[in-house]
Structure formats: structure tokens, C-alpha cells
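Order of writing sets the labels: A, B, C and D. Residues in every chain begin at 1.
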Amino acid sequence: MVPRYSRPAMTAIWEPEAKYRIWFEIEAHATEKLGELGVVPESAAKALWDWWKTDPKIDVEAIDAIEAVTKHDVIAFLTWVAENVGEQARFMHQGMTSSDVLDTTLAVQLARSADLLIEDLDQLLTALQRRAEEHKYTPTIGRSHGIHAEPVTFGLKLAQAHAEFARCRKRLVAAREEIATCAISGAVGTFANIDPAVEEHVAERLGLQPETISTQVIPRDRHAMFFAVLGVIASSIERLAIEVRHLQRTEVLEAEEYFSPGQKGSSAMPHKRNPILTENLTGLARVVRGAAVPAMENVALWHERDISHSSVERFIGPDACITLDFALARLTSVVDKLLVYPERMQKNLDRMGGLVHSQRVLLALTQAGVSREDAYRLVQRNAMKVWESDGALSLLELLKADPEVNAALSDAELEERFDLEYHFRQVDRIFERVFG
Amino acid sequence: MVPRYSRPAMTAIWEPEAKYRIWFEIEAHATEKLGELGVVPESAAKALWDWWKTDPKIDVEAIDAIEAVTKHDVIAFLTWVAENVGEQARFMHQGMTSSDVLDTTLAVQLARSADLLIEDLDQLLTALQRRAEEHKYTPTIGRSHGIHAEPVTFGLKLAQAHAEFARCRKRLVAAREEIATCAISGAVGTFANIDPAVEEHVAERLGLQPETISTQVIPRDRHAMFFAVLGVIASSIERLAIEVRHLQRTEVLEAEEYFSPGQKGSSAMPHKRNPILTENLTGLARVVRGAAVPAMENVALWHERDISHSSVERFIGPDACITLDFALARLTSVVDKLLVYPERMQKNLDRMGGLVHSQRVLLALTQAGVSREDAYRLVQRNAMKVWESDGALSLLELLKADPEVNAALSDAELEERFDLEYHFRQVDRIFERVFG
Amino acid sequence: MVPRYSRPAMTAIWEPEAKYRIWFEIEAHATEKLGELGVVPESAAKALWDWWKTDPKIDVEAIDAIEAVTKHDVIAFLTWVAENVGEQARFMHQGMTSSDVLDTTLAVQLARSADLLIEDLDQLLTALQRRAEEHKYTPTIGRSHGIHAEPVTFGLKLAQAHAEFARCRKRLVAAREEIATCAISGAVGTFANIDPAVEEHVAERLGLQPETISTQVIPRDRHAMFFAVLGVIASSIERLAIEVRHLQRTEVLEAEEYFSPGQKGSSAMPHKRNPILTENLTGLARVVRGAAVPAMENVALWHERDISHSSVERFIGPDACITLDFALARLTSVVDKLLVYPERMQKNLDRMGGLVHSQRVLLALTQAGVSREDAYRLVQRNAMKVWESDGALSLLELLKADPEVNAALSDAELEERFDLEYHFRQVDRIFERVFG
Amino acid sequence: MVPRYSRPAMTAIWEPEAKYRIWFEIEAHATEKLGELGVVPESAAKALWDWWKTDPKIDVEAIDAIEAVTKHDVIAFLTWVAENVGEQARFMHQGMTSSDVLDTTLAVQLARSADLLIEDLDQLLTALQRRAEEHKYTPTIGRSHGIHAEPVTFGLKLAQAHAEFARCRKRLVAAREEIATCAISGAVGTFANIDPAVEEHVAERLGLQPETISTQVIPRDRHAMFFAVLGVIASSIERLAIEVRHLQRTEVLEAEEYFSPGQKGSSAMPHKRNPILTENLTGLARVVRGAAVPAMENVALWHERDISHSSVERFIGPDACITLDFALARLTSVVDKLLVYPERMQKNLDRMGGLVHSQRVLLALTQAGVSREDAYRLVQRNAMKVWESDGALSLLELLKADPEVNAALSDAELEERFDLEYHFRQVDRIFERVFG
């Protein structure tokens, strides 16, 4: 976790206090059910909850000190609780194993993180929709291969991003469901020393599903899927970030990240206004994506479990969630405040001398009976002249002056093919598909 | 694609002929609808389908020769079709762009591949269930950290794998749905020169969904998700493969890959019987997983598209699908024919002098009023003696002889804690969760 | 391996015939030394070499047929050789293990591949140097964050690429050295049944170093390093490819990939000239880079070896080498034939109204006694006006008209700061560093 | 960075104070040279160093507060220094750009980190050599595919690891050299406003090489190579860690991680002694390896630079270095204190009824004139009986009783092939290769 790329609500989920709180709740809920089942005295859970109601401070340092001796984190925690609660605490953890606590806790943390990330996505989707509708009919050039292709609207660009992040949201909801399971099944998952009813009880209290079948641990294919989904979301962030970076480059300058008064773009060059937020998002995307492969390598634990996954998760759990949360919020802010320059968009649209209409002419020629091969040749030979003039020549004028073209299409017919509005006839239909 | 790791049905999907057949169908279906809409003559589609009914051989070499000149694959193909169909062919591809064809084709190929992979998973699930039920109550030692923990059954191991691959199946079904979209939206996705009805028609005929919003291409977050899911499935294959490799190692030898008569394990050591199939699966898992990151890097195409994704997909499309298909089939075969040695399992279970029952004694001591700390110390001091004797000593006998233990638990009470069947009381309940 | 991204010389290294030829040579050289040592009759090696001198056709199908029975590739090959050479062949492979042959063969293949790749790099370096010198003093705008910064020359851009690929070459030479080792050490690397002199002899004949210590295999950290280096080279290819893609985009258009007569940029838009070669290189870079992690995962083989690395290497060995060879050659061709437009570079340089000189004014102000803070503010407030005018206003004129600026710097002093040549005074020194 | 996986010396390199100290030194050294060159007053550097000699506390919070306004870290730092040093500070940073400071600082941090990592490797190599020599002739079974192959010594296993980490050291030394460069070349690397002599001066003072050619930044292929090397080292750590985990598993138990008094292996099962350190190392290897791909993705910065690499490096810079440092130290400790059980090794060696000698019998038969095919068949048919008896039968006895075998080899000749010492004749020679 890098503090400058973190936000408090998400970070709090991953702090030791939060972890220990969940540990306690799992143990207390389990003890409660064990009491009901008559395995331990009902007084045990009561003692635990009574203490809990006093809102005790979690003494992380004290727990660390115990762990330094026992070299076992859960035992250290149980010892510390026992020191506080007294005698009744010895009934905690009956028939459970450390992983029951650790894995269920991770499930709670990941589920809570997913909830924040889903909120982040919702805010991003809101911003995208607002700006998309604002620019639904703002003409801009569509580009393939970085080369001018045909007209689109700026709203369409944002609608595409909306559809993409709506898919990301759906994937995250599914990944959250996958990850939100509870395992209280004992040392090798047989429930030998603990009734499955305990697992069901704890699961229900924590808003989780009981794990179908655990070994000692919750199977790591669930987590691999979760981090892979975060990696895909990060890749979609990268896509939109790179779009903004392209639009802001000097020669294009169709849009800009908001630049606050007093901000300095460069210590050496006072004229600079750099797309540093989206460049930053490009880098953060690489970081989040970097969690996917280690998470997949975590799946093949040995036999009923080995603990190799644990250290990986101590890194990627907080890092991927916190960084993605930050990145989504930053992207939302970029979208919300993006400076959009429709005049510049129009200027860029016009700069190629009408080349962007070449396809329509091609189609018109073939519909007028010219073979596709010939039509392509006719349009290309005029288009290349415009291309080489860097837009100084006009494609329309050249076509009018080309006798072979003119034999098939009149001046009026040619002019009709250079109508910008023609390209936007389906925008409404596309918006309906995206926004319903 | 490495021939030795491929199977014919999956390979066929990725061969040039299959690709060109799909190209033709897309063009013909589109021309059909364009005819209905009055954009082109209805005779055009008829001419195309009439030719198609003659079951023409796809002349890959001829198409390649044309591409060598045009440097454009779709134009080369259209030219070749026109050479065969004649005049009417010039109405093909009206208002479409190459990506309309290429991306929709990839969608068909990936969807068909997913169908085969789902079948593969079904066969694997069948094999796992059959063997799980066969060994539902075959006792074996559960291991955490590679160290004996507590008893499980061999059926439980396989049931766990079943649950894991059932999740994989569900993910793959979702990923298939994501990938199965059709885009016929023109050069920058505006439908400027082609009615959305064409896209809807082609989609319906090919069993796809119309893409919500395309640019020039179908957005690559869909593909990234698809390959990420393949990577997760590969990781689950690796897990089961490594389990078999562990079980077959000389000192464990609880199960073995089937070893056919005439097979040679080693050119130098005639005594060898090596788990080469599952070692191979471990490697293939790395290969399939290797597609996930490049697929994610493909998401951030520039503006309305760049073509950097294409070369990546020429590798990972066939490689990941073909290799995973092969790996799933190989794993199914390993599971189906696995030699299982229950006697050896029992022998291994017994080899630690009863240490596997240590937890039950611990619980009994705490229930008899000994503090958890003391109980742990009492059991551990006896367990360590057994551990150091390499199982020559008996934990039960040592406990009986330990006065502090005996003060809390009688011999009979201790003996009761060494009952193997005790551990399997919930097996039926777990099987119900997994198999319903 | 994807045929369209391969070249014959590299592909030949990875074909079955090439592999079997190396196998034979290893076996024959080893038998030769074994003969000298008196372990086998000297006639054995003679018989092998006599047959070899007849330039026998390698019958790949026959060998495959034998392997289908034995399920062991080396035994199959030895059997086939024995069928051809007769009785004397039984002395082959004495005390060796399959991996002795397979791993040494892979070393030869990788070393030969590295040799080709080093040649590729040499050709790329030659092309880069030629074009760099051609454009040593061609002014162009330097960009940070995609935003105009200060002037550079186009030659400097290419000199940077030269320095980068010169580093890549050095890394590859080191990686080649790492990989070029020979192991003939028997089943577990103890030389129990074969004298180390055999290894030394075979190594010397094949131009390899004897492996310091092998187990059954050559340790895979060597291969991991090799593929990681290929991944870094691929990343440098991506960098230069992306530079070209940027330069070719419509609004920039300072350089272009060569566009051959008859080429079609788009099936739909006859005006397009797309940077498809460098987009393709961007994708191929992802593919080559994709080999690095699987190669690293191959390092941790179990004990003295497991065979999981083998299937991975069947993919990434040929794929990474063949693809990188193709990519380097393609990049060389792009550089060699790149269309460079100095006039357009100058036009872009000029388009920001002189903003690119802002730093020099800043420095002049501080040297004239203005505090850095004030100087920055003074330049920025004028620069922002130019920025917002999209280059219509002139920074020089605004500064002249700014009383606070003019109080510190006269018109003449300001004008001096807008001299383009000033920026290129060190170009010669930099070229000396790069080209010597 | 995860505190539990970090050590203080390495962590200190990456703390803000350390970073700011390097920043200051770069600025002060540069100002010094600028003074010599007459660009700024010589008094400026003097003022800076005079203040520095007072050992001022770096006020990280104050700098952060300034950055919150300027949104530019270097400007914030310069402002803070100016507040402390006064008037003379305005001559700092003349003609430099932020990246000159940031990139050179990163070079210093990485070089210092590399120095610590090289020390770590040296300590690991020392431990490996000590234990290798201790167990130079301790017999143990060599395993391929997890299956008993032929005898090796435990010292050979450790010697292999030594050779592998010696290669890692060599790679790291090369990677350190690559990374240790200094760039003080201005906004786009042209030295337009700063003499190359400044770069040379700062480089010399900080123990770096001047960067051959920078743009605005030091090219990121250097960093990619560095992190790739860390990834390879991590993979070698994983290999040795997995070896220990295998040796400690219950059925093998030939070695064990040191288990301290008072340590608890499992909260539930008092008998457990788990290889948690090496399992942890397996996970940490995944983490360090996870930095390689993002570092490679950082190479292709846009034009003269974009800042996407920066956020990535804020994560992977400290994380990969700190984690690898911790992992190497942990591995050294594991090796140093490893409990080795030669008796158990011998017991395992013997458990297969002499199968490990099968190759020697095979060779003896062929040398006695039996064809290789027949010899293989004869040995295999007896070996399979022993295999199926789980080592209860003796291969030597079965061979003696096999008339076809006995026809070729007498009892005495057979017995000679079952000599363990035979396998260790070359150990000394191998040790010489490894340890010189």
C-alpha cells in the first residue's frame, strides 16, 4: 500500500484493528452456536459479548508481543482475549483451526472491499453517463490506428466507456459472490470436531455463504478469480486513461484534465499542462494487474493446504483493493471535471480536407455500378493527394474534378456524401442500448 | 499450438478453413439482410448462398496469394469469393469494415471453443464424481503443510476437486456469454453506413448477442475476462495435478497414474514409474495462464481501435483454447484410470503412532477442565516424543502413562479419542453439499 | 509459432529434423569419448559417424511411430538409429539419461537462436545509426507527457533507441553465455555411470561449456534469465514501435511507415494509411514478454528434476525466439524505410507560439535577479495565454509586453532566448557517447 | 511493503528521509559544479553545504504540506530547502528538470538495495557452502519426478543451490551496474540549459555512471532488467524452499526447519511441526516475481517520457527490494539451522529394495553382451515386482534368481552393482567445479 494512492474507507478495512474485530466476531458467533449445541457452556459466548459491548480497544502491540513468543498469530490473539475476558474465554475456538478464522476474515475483508469498489464503479458510471449525455451530439473524429477514420460523437466515446464499466461492475458482483464464503470446518475440513451448524450460523451472521467444501482452507480458485477480475477492471481504467492522454496531447488537445490554479506542470517549463492523473492511472493499472498471476499461482496449494498463499495475500489483498479503489475514484474525478473542447474537435475533424468521408463516396460509387475494385482505386487516388497535402486540398473538389468519378456521380451526389450529420443518425439508438 | 498437446475437434475450430467459412457466413447473412432492407439487390445473397450450397473448397493458398499483393486479409478473401461467385459478389461487405468480420468470427471461434471446454469440464466432473463416490469412505491422511494432520477420506479429496471444477464451469459459462457478441457497426461503430438491423440479423443467425456498443472493434475487456477465466481453470488443473504427483511420490505412493504395459519410465532406470501426465499438466497450466496478462494488455486499444491485439490473439486464441482442451481431457483420463491404493493409505495413516488424533485429546482435556494452555503443553510434550521416534512410539500409550494427562482422562476416555470413524461422521453431509 | 510471424532461418532451428540432428551428434560425440575411455568399443562411434556421413534422411514419422509404443522420445530415437546403424548402436547412450540429450539439445537450439537474434540486433543497430546520423540535426519537438516540452532533434530520438538496443545486445550476449551449457552427467547428475570427460568432450565439440553442476537437468534459472532478457528486448521494441505510431497519427504526422503502392489501409476507408507494422510489433512484444513468467515458474522443479518445464519450453522456446526474430527484422525494416517529414516537424515545433522556450526565459529571469517563485509566476501567466490561444498568440510578444518581465529582461535579451539552435549545442557530444 | 517481511537496513533506503537526503545531495553537487562553471555564484553551493553540515532534520510533513499546494514534489522540496537556506537557494536546480533528481535518486536507491542484496547472497552462499561441505558424503536418494532414482549426497543438493545462487549473484552485479546511472540532462535530455560536466560531476560524487543518453528520464529498460533479475532470484529461492518442504513432509522427513522451544505448529493439532518458513518463501517468491511484468510494461514510455512508470515504481521499488532482502535472509537462516537427518535419508534410500541400482545392472547386462532392449526388459520385469511389493522384495535377490539374468551376470557381478559408494566417486570433482 502506498499512502498517496489510498483512501481512508478502503484502507481501514485492511488495518490490524479491523482484522482483529472480525476475528473476534467469528470466534464469538461460533462460541454462541457451540453453546446452543451444548458443546460449551452458554455462559462463554455471553462473557465474550459482554466484554465486546464495552467497546474494548484492540491492543495490537500487546498481541504482537505474544505472537513474538508463540510464533502463531491466532493463538496470540486468543491468548490476549483470554487475558481480557478471563476464564470463560477458554471455550473459544473449540474444534476450530486457525484457517477457519483467517480465511473467513479474508472473505469478509474482500467482500467489504468489493462493496466499496462497486460503489466506486457506480459513481464512475454516473459521471460517465452525465458527460456522455452532455456530449451526445458533440462531433469529433473517430480514429483507428491513430489515424482519422470517420466522425463519431464525444458522447459515444463516453458511452462506450460506460458499457465497459457496466460489464466490470457485473463481473465484480459475481466475483464478490464467489469470495463471500465462510469456512468453519476444522483442521482438514471434515467437521470432525465441530458441527456444520456452527459454520452455517457464523456465515449467516456475517452475511456469507457456507463454503461448499473446504479442506483446511477456502479454495484459492475463488481468490484467483477475484483478483483476475480486479485486473480486468484495471485494464479498462487504463483504456480510458490512455484515451484522455491522447486527447490532451498538444497536437490534438480535444480535452484536458482539470488544471487547478496554482498547479505547476513542470518545475522547469512553466508552460506545461500535463495529463498526470491519467498517466498515473496507467501505472496503477499495471500494479493492480500485477496481482492476477500471483493469485493464480496461489491456487495449487499442497494437499489439504500449505501456507504459501498467505504472504502473497498480505501484499495483494490490501494493495490491489486499495489501489483500485483509489484509481476508480481518481478516474471518476477526471471524467467529472474533464475540460472538453468541442471547437477543437471540429477543427481536427476538418483538418484532413474531407478524407473522413471517403467511405461514403466509395459506397456511392459501387451503388452507382462501379466495381468495388475500381471504386476503391478511384477514391484512393484522390484521397492520397489530400493526404500528401496534409489536408490543404479538398477531397470533394478533387473528386468533382476527376472525370472517372464524375462519370458515375454528379457534383450534387458527391456533396451529399460529405454531410456530417449523416454519421449520427444511430446515436440515439446506441444510447438506448447503453443507458436503456 | 504444439501438435502433441492438441485434439482434433478443438484444432479444427482454429484452422484457416474454419475461419473463412465463418467469414463467408457473416458476409452472406449480412448481404441477405441488406437485400431485405433494399440496400443491395436481393439477388446478391441468393448468388452467395447458391454458390455456398455447392460446398466449395476453401482455397487457402489462392487467398494467401491475393493477400500477398493487397496486404489486407479481408479484401483478399472478398476478392477470392468474387472470383468464384461473380458479379453479384460486389454487393458483399456494403458499409461494413474488416473488423466487423474479424471480430465476429473470433466471437464464434471462442464460443465454439468454450462449448468444447464446457463439455470437457462435464466429463471431468463425471469422472471426479464417480471416483469420489467409489472412495467416499476410503480413509487417508489429511495433510497441511505437507505434514500429517487428521484423517480425511480419498473421496473428500475428489469431492473438493469436483466443487472446484463446478465453479470453473460456471465461470466459463459466464465468460462464454461475455464473448459471444456480434458487431456489424462499420468503421467507427456508428452504423453510419449500415443499419443496426444487419447486426441483429447476423447475430441471431450465428447464435450471438449484438454488441452493446462497438467502436471499430468489440471491446477487448470481454476477451481479457475470457482468457483470465481460462487461466483460473488452468490453475485448478495444476492443483489436482500436483495432488496426484504428491500421492505418487515413492514415500507416499497412495495413488498412481495408470502405467501401460510396454511403457518405459526412464531410458536409464528400468524401475521408474513417473507421474509424467500430471507433471505435464503442471507445465500446460503455466502455458494457459501465460495468456491472461497479454489479454489484459490488449484492452487499452487507442481511440476507436488499434490493431495491436490482433497478433496477440493469433497466438493465445488457439494456444490457450487448444491447450486447455487437451489438458482437461488428459486430466479426465488421469482421474478415470487413477490407480488408488487404500492399503497404502491406511499404512501411511498409521505411521505416525497416532499423532493424527492429538487434537481430539486436546479438546477432551479442555472439556475435562484443563486450561487450553496446559492442555496444549501436555499433548505437545507427548506428541513430540512420538514425532522424534518417527512413529515408533504410540501417542495413546504415552498419554496413558503421563500422570498429568491421566489425572484428567481415564484410559477408556483416551482410547475413545483414537477412533478413526469419528472423523467421517459428516462425510455424507459434505457429499450432499457437493453433489446435491 | 504463427507462420506469418516467422522467418525461415530461425524456424529451421526448431524443426524436428534439426532437433534429431543435434541428438545424434550428442550421442555420437559421447560414444566417441566412451570409446577412447575404453568403456565401449571404438568401433561404435565409427559406425555411427560412417552412417552419418551418408547424410541419412531423418525419418520423423518412423520415430514418431516408435514413440507411440514406447511413450519415450529418446528411446524411440535410439531405436530408430539402431535400426539403421545396426549392432554397434547398442553402445550409444551408455550411462547417459534422456535429459543429457534433451537439455544439451535445447542449449544448442537456444544458443543458435541467440546468434540469429544478435545478428538481428546488429542490423537494427546499423539501421538506427544510419537514420540517426541522417537526422542528427533535424529539429523536432521533444515531448513529455505527450505535451510539447523543448526542442530535440530526430537524430537524438534514434540515438536513444540505438543506445537502448545496444544494451539489449549486451544482455543477450550474456544470456547466450548463460544458456550455452552441456550436461552429460547421468540420471541424477553424479556421473556415476559416465566419466565427466565425456561431458567435457561433447561440450567442446558443440561449442558449449560443461554445466557446473546438474541434477538430472540443467538448472532452469538459466532459461528463466534467457527468456526474461527476451522479454526486456521485446519491451524495447514496443517502445520504439509506439514512438512511430505516435509520430504517424494524423495530427502529428512527422513520420510514417513506408506505404507500398497497391497497399490498402482499410477495406472501407480508401484514405487510410495506418501504422500497422508498429501496431503489430506492439502486440508481438506482449507475446514475447508473456514467456518470462512461465519460464520463471519453471525454475522450481522438484528435487533432482520433474518434467513440468518441458511442455512449457515446447511452446515458449520456439515461440519467443521465432517471434522476436521476426519482430526485430520487422522493426529494422520500419526504421530503414521510415518516411520522415522534417517540414512537418518544424510546423509542429512552431505551433505553440514559442512556448517551448519558456524554460530559457525562466532561467534568464532568475539569473537577472528575479526569485525563482516570481520568475515561474511571470512566465506561467504569459504561457497560459498562449496555451489557451492554441498557439495563435506569441509568447515572445506577450513577454515583451509584460512590464514586470521587461523590467528584468530587455527585448533583445528576450529574443536571444528564442533561438532554436541553442538547444542543439550538445548533440555532437551526445552522439559521441552513443556511437563512440 | 509488509512490515513482517522487511528488515530495517533495506527499509531505511526507501523511507522519505533517505529520499530527500539524496535529493539534496544531487542538488548541492550540481550547484557546486554550476558554481565552478560560473553559471551560478560559488557561494550558492557553499550555503547549501553549510546548512547540510548542521545535520538538519528533514521535515517530511512540512514538505508534504507544500506539495499539497504545488502538486509537485520536487518544487515542494526546493521550496522547503529555500525556506531553510535562504536567498542562496534560488540557484539550485538551474537548468535541471525534476526527473534529473528523481531518476538519479532512484538509481542511488536501487544501487544501495543491490548492495544489500549482494551481501545477502554472500551470506546465503556461505551458509550453503558450510552445510554442503558438512554433508558432502551424506548419502541420500536422488529423485526425478518425485520418484526414487539413484543415490546422491545431501551435499550435492546444497552445492547445486550454491552454484545457482552464485549465478544469481553474478546477474545481480550486472543488473546493479545497469541501474547505477546518473542523468542531469534537462527537460528533454539535450543539456540545453545545463552543461554535461554537471552530470559527470554528480555521477562521480554519487558513485554512478553518467547515463549514455537520456530523454527526460533514464530509460526504463534498465529498470526492467533489474526487476527481471530479482524475479529470477526469487524463483531460485522458491526452488530451494520447495526442496526443504519436500524433505520435511511426514513420509520423507529427511530434514526439518529448526523448530524453537515454545513454538506452536498448529492451534488445533499439538503434534504439528510445519515448514512454514519455506512455505512463506514460496509465497514471497511469487510476490517478487510479480514485479517483473509491470517493470517491463514501464519501458514503452511515450516520446521523451510519460510519468506512468512512477506509480509502479513506488510499489515495486521498495516492495521487491525489501521482500527479496527479507527472503534471502530467511532462506540463509533456514539453511544455517536446518535439521538434517542422515539416518532417515539412509532409511529412505533402502526402502525400495535396491531398485535404485537398476541402471547399473542394465549397463552391466549390455556390457555383458545382452542387447539393450533385452537388458531393459530383464531388469524391468524384476524391478516391477519389487515396486509392487513396496520394497519388501529385494531386487538383488530377484535378479540372482532370474535365470536369464544369471546367464549373463554371476552373483558376485550382480552384488558389485549394488555398491552405494560407487555413486559418489565424482563428488569431489563436482565440488571442485562449484567451490573451486
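Keep this in mind: contacts are C-beta pairs under 8 Å (C-beta built on N, C-alpha and C of every residue); 3 or more make two chains touch, one makes a residue touch a chain.
Please read these numbers as outputs of a predicted model, since none were measured by experiment.
J.: According to the touch definition, list the chains common to the neighbour sets of chain C and chain D.
T.: Output, common partners of chain C and chain D: A, B.
J.: Would you kindly tell me how far, in whole Å, the mean C-alpha position of chain C lies from that of chain A?
T.: 32
J.: Give the residues of chain C that touch two or more other chains, as numbers and ranges in rising order.
T.: Residues 78, 95, 143-146, 149-150, 186-187, 193, 245-246, 264, 266, 268-269, 274, 276, 279, 282, 289, 293, 297, 302, 306-307, 359 of chain C each touch two or more of the other chains.
J.: What kind of graph do the touching chains make: line, ring, star, complete, other?
T.: The chain contacts form a complete graph, every chain touching every other.
J.: Given the complex with chain D, which residues does chain A contribute to the contact?
T.: Checking each residue of chain A against chain D gives 2, 4-5, 69-72, 74-75, 78, 93, 95-98, 186-187, 193, 245, 260, 262-264, 266-269, 274, 276, 279-280, 282-284, 286-287, 289-291, 293-294, 297-298, 302, 306-312, 314-316, 319, 323.
J.: Quick one: in the complex, what on chain C touches chain D?
T.: 78-79, 82, 90-91, 94-95, 142-146, 149-152, 156, 159-160, 163-164, 167-168, 171, 174, 178, 186-193, 196, 210, 212-216, 219, 221-222, 224-225, 228-229, 231-232, 234-236, 238-239, 241-243, 246, 282, 285, 289, 292-293, 296-297, 299-307, 359-360, 363, 366, 371-373, 422-427, 429-430, 433-434
J.: In the complex of these two chains, what residues of chain A are touching chain C?
T.: Against chain C, the touching part of chain A is residues 141, 143-150, 245-246, 248-253, 264-266, 268-276, 279, 293, 297, 344, 348, 351-352, 355-356, 358-359, 362, 376, 379-380, 383-384, 386-387, 390, 395.
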